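What follows are several structures.
Two complexes follow with chain A in common, the first pairing it with chain B and the second with chain C.
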Partner chain A sequence: MTAGPPHCIVLGVIGADCHSVGNTILDAFFTDAGFKVVNLGVMVSQDEFIDAAIESDAKAILVSSLYGHGEIDCAGFRGRCIERGLGGVLLYVGGNLVVGRRPFAEVEAKFKAMGFDRVFPPGVDLDAAAALLRADIEEAAHARA
Partner chain B sequence: MSSTRLDWEEMQTEREQVLQGWPTGNAVRLEEAVAYHRALPVGKRFPQAMRVAQAENLVLLQPRAGVPLIDEHIKLLKYLETEGEADVLPTTIDAYTRQNRYTEAARGIEMSLAERHALLNGFPAVNHGVDGCRKIVESVGRPLQVRHGTPDARLLAEITLAAGFTSFEGGAISYNIPYAKDVPLEKSIRDWRYVDRLAGFYEDQGAAINREPFGPLTGTLIPPCIGNAIGIIEGLLALQQGVKSLTLGYGQGGNLIQDLAAMHALREQAHEYFRAAGFVDFHLTLVFHQWMGGFPEDEAKAFAVIALGAAVAALAKAEKIIVKTPYEALGIPTKEANAQGLRATRQIVTMLQDQVVRTDHEAMRRESDLIKSEVKCLLDAVWQAGEGDWARGVVRAFADGLLDVPFAPSIYNRGRVLPMRDNEGFIRLFRSGALPFSAEIRDYHRERLEERARAERRPVGFQMVTDDIYAISKGRLKGRPR
Partner chain C sequence: MPAPRWAVCVDIGSTFTKGAVFGFEGGVGRLVARAEAPTTTEDLARGFETVRKEVAARARAREPGFSPGEAAVRFSSSSRGGLRIAAIGIVPDLTLSVARLAAASAGGKVVKSFAYTLTAADVAALEALDPDIVLLTGGTDGGDEKHNLANAAALAGARITSTILYAGNRAARDAVVEILAARNCIAADNVMPEVGVVRVEPAREAIRRVFLRRIVEGKGLAALAAALGTDPKPTPLAVYEMVRALSEECPEWRDVCVLDIGGATTDCYSAVEPFRGEPGVVLHGIREPRLTRTVEGDCGLRVSAEALWESGRALIERELAAAPPEEAAAFAAHIARVTERPAQAPASAEESRFDAIMARACAALALKRHAGAMRAVYTAGGKAWVQRGKDLRGVTRAIGTGGYLARNAEDDFLARALAALAPEPEERFLFPEAPVLYADRDHVVPLIGSLAAEWPREAAQLLAARLRPVAEGVERERDRRP
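And then the complex of A and B:
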């Protein structure tokens, strides 16, 4: 656990996706892990993520997509962040991001090209994800300092 | 808010508005549609298939399937019909259409055409319209059902029923609370009353339509009493609007005895409540959903989960089973994987077809009696809250937490209920919120969970719930301490 106030993160399921179970668990997990979680729940638009991140001064936005429309829903997310003055926010995305069975490396490359900092397949170890998130947030803070 | 039968003439003004919701609505012609239904060969009629299944002791196999483009969708269904030996076919609707976002669905169709792979997770039936949907009906040899998750399915029902689909899934609670964030129950009840009345109209005209409330809800450790109570209420609401062919659903929980007991209780209590409400002219069947939670990634293990579900469906004498695929953990399956799930299921249900497992032994009877007494508590409370009207009762019961669906995204669901497995894997209540259960029932659940806590040498707590949710995907029924 780091000293100082907890890092704030924004959590939600993007688009028209109503998968709520994993979202409930991520909320409980990251809260337990010492983050301040702003959980927007399911069916969240890009602008709702960005509004919440601005309001809460969040360091990272964690986007989930389970239903296969991730490619359409996430297109232009980084650009929208830059437009709204949030260019430096960390963007994570994870879940079943595309329709059909495509190699994860291909999916990862696609979402990184969209401006996501990290891309996760299903079944990720949450402790490892939390460690990465903490390291990324601290590195970004150093870079700014 | 009330659940009396809608007057068909009064409904016409609303129908005109609904049909204007997207340009394809203009093509709906009821008289022509009814004539088309009446001319359908018997083998393409869903209610008839369900009757045959019950009479001949069959479990009909149905996959889930839907892709954005018509020709591709037809190819997929034909493959499942021939290579998968599916008895009845689906058309699974994409998530934009489910939220009435037809403009985005249109973009999904265009992008899928341009990129030559599917960018939508289902078939956008409203965008394809009556003619597009009818091509599907014409191209396959089996009855077709619309499977979706749409809180306001009025236009979807108008278009697909006009096209010749003979079954329509969903209901005012089961396609709202697990599938939407902020749709008031008053609205979904009204919109589903419209859908049921439309199905009832076809029925009156000699064009039988099967209706199927969605039993599994959020598909995540749903205690049987919650799913059964909601299924019975949605059945009552459908019957009130003139529906005659009704299929109630149950999602596999994983404990063999609990699953058999729950199916037995569902059939018995549904008949009881429907008859008590004065309905006699209906045909009731049950559908069993193979495990709706997380699947193992290993295909061999996924087949084992599929096989267990197939066995329970056959032993429970379900008339239909919804089949999963070995790719379930990875998202939407290929047609080959989908057909494999069907063939594995076929082998099991055929082997078990004539076997009978006695349901009158003690463990089964105790569980079945427990479920029935819980369902009665829930339904009594809804009835009282609604002062004798089921629809009004549902709205008030959800507001007060008398009905509460675990893990549902809707803000109209209290979300105070948390389920957990006991030491034998039965799904019990860890937190029962405001569910109107007797002290005796609450104590029984608590005792069973304490028994597990002692066996695992850890306290009953949220971690157990999380462990249970992922347990089957990690190779076991119950979550065990890390």
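And then the complex of A and C:
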């Protein structure tokens, strides 16, 4: 655990996606792992993620997408963050991001090109993800200092 | 604390000062006498005394046992058009929207809102308005501080006499108060401590205290408050407390809304579960409290008639379309006339008919802005609905109050106003579904309201007994039709 107040992160399932089970698990897990979680639930728009991150001064936005339309829903997300003054926020995305069986490396490259800092497949070790998230947040803080 | 044997209640409105004597026997209340007189704007105490004496004389005539010395005196005031508040938040859909909610529920009128960081032009606009209160919010607790610090610095240099109420991120509170040390600055708990969580009570209480200081200054109210040993309430706060008491104390009035159609504003109050949580419906944005008030400054029958003609034009023109063409010109003339002479009651059948059209437009617009809506979203799992704002479908009873409705207690304005709001296929407005409309025939809602915080049960039961459903009038009207 790091000293000081917990890092704040915003969590939600993007687009017209109602899958709530994974979202509930992520909320409980990251809260237990010492993060301050702002969970927006399901069917969240890009602007709602950004609104919540602005008010809560979140260091990262974790976007879930389970229904295969992640590419369309996430298009332009980084640009929107920049436009709204959140250019430096960490963007994570994970889930069943695209329809069909495409190699994960391809999916990861696509979403990184869209401005996401980390891309996760459906099955992921959450402890490892939390460690990455903490390291990324602290690195970003150092870079700003 | 048991209810007093007698209560004298006075409401100082912008046009009329109204008074009533209520009697309480074993906790059961009754209206003993009612009186009103024009408001004396240069010295409010004069109109107050006229009404108090008149209503006491009438009470004595009716009940010789009435003794003014034994009566509790409570009063409210909406003079000066209420408290003018400028709201500042960060994100329009989050803290700014909650700030507006807090201002309205305290009985204030939001004259301007600002999102994100104040610009030089925003500060100039604030200086021109010089509102009674600047409500500065922003950030969840532990969240964003930089917008608040920048806005505090901008306010520190602004040429305004306003009280600045800080109700944002508590982590920035000390710094904001320090930046504004040379100004009249007070602080209250954050109105949105977590994203989507609304907590307006502490800010509301702070606004009420500022109201007392501001409203009591001058115009004779300070001396009056000192002589009576009781402070005035903002009239909308008295009504707000009335709605709370009614909803909490009388089970059949649990889910209620009140439409107060006045000369300058239309106020809508509701006490109802804001989100039902039905399957397939997701709530987005803030979850509003059970009890809320909204106030529409462009919906009024007199002072705001011109503004209503603008905002409600589509609704009004639809009603006029059914009438002969000369009716539209006559309506425009009516708007000009009532704007010029706001104290005048309608003098002809035509004027009454026009007032009725305006009242329906006020009700429709105020409800549309008070109520939330659901939008259809097509998901992989089928159709789902996203709700924003407050669900009023659970409202079973509605109360119409205000001078117009006291004169036209048989006007079932609500059913017609709701019918005028055509549904849209992919959007559902969350209006009350077939509520029973009750008329405040004696215009006692604000008067009993001034007792509601201290004696909620007695006040609620007294009001419930005074209200009559309008449906009987509707049936009579239906019978009259050819």
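We take it that the second predicted complex is superposed on the first by the 145 of 145 C-alpha atoms of A that agree within 3 Å, B and C clash if a C-alpha of one lies under 4 Å from a C-alpha of the other, contacts with A are read in each partner's own complex, and residues count from 1 in each chain.
Note that contacts are C-beta pairs under 8 Å (C-beta built on N, C-alpha and C of every residue); 3 or more make two chains touch, one makes a residue touch a chain.
In this text the structure is predicted, and so the values were computed from the model without any measurement.
Participant: Using the overlay on chain A, decide if chain B and chain C clash or can fit next to each other.
Facilitator: Clash: chain B and chain C overlap once superposed on chain A.
Participant: Applying the document's definition of touch, where does A:C8 land relative to chain B and chain C: first, second, both, or neither?
Facilitator: Once the two structures are laid over each other on A, A:C8 reaches chain C alone.
Participant: Is A:V42 touching the first partner chain B, the second partner chain C, both, or neither of them?
Facilitator: So A:V42 meets both chain B and chain C here.
Participant: Once chain A of both complexes is superposed, is A:C18 in touch with chain B (first), chain C (second), both, or neither?
Facilitator: A:C18 contacts both chain B and chain C.
Participant: Applying the document's definition of touch, where does A:S56 land relative to chain B and chain C: first, second, both, or neither?
Facilitator: second
Participant: Now for A:P103: first (chain B), second (chain C), both, or neither, which partner does it touch?
Facilitator: After superposing on A, A:P103 lies clear of both chain B and chain C.
Participant: With both complexes overlaid on chain A, does A:Y67 touch chain B (first), chain C (second), both or neither?
Facilitator: Touch partners of A:Y67: chain B and chain C.
Participant: Superposition on A: which chain C stretch among 219-227, 237-245, 273-281 or 309-317 collides with chain B?
Facilitator: Residues of chain C that run into chain B: 273-281.
Participant: Considering only the contact definition stated at the top, list the common interface residues of chain A for chain B and chain C.
Facilitator: Looking at chain A, the two contact sets intersect at 16-18, 41-43, 67-69.
Participant: Please output the residues of chain C touching chain A within their complex, sorted ascending.
Facilitator: 90-91, 93-95, 138-140, 142-145, 192, 194-196, 282, 284-285, 377-381, 384, 386
Participant: Within the complex, which stretch of chain A touches chain C?
Facilitator: Contact set of chain A toward chain C: 5, 8, 10, 16-18, 36, 38, 40-44, 48, 51-52, 54-58, 67-69.
Participant: So in the complex, which bits of chain A are touching chain B?
Facilitator: Within the complex, chain A touches chain B at residues 15-18, 20-21, 23-25, 28-29, 41-43, 67-69, 71-72, 96, 98-101, 122-123.
Participant: Flag every residue of chain B that touches chain A in the complex, lowest number first.
Facilitator: Per the stated touch rule, the residues are 94-96, 98-99, 101, 104, 107-108, 111, 117-121, 149, 178-181, 218, 220, 297, 327, 329-334, 407-409, 462, 466, 469, 473.
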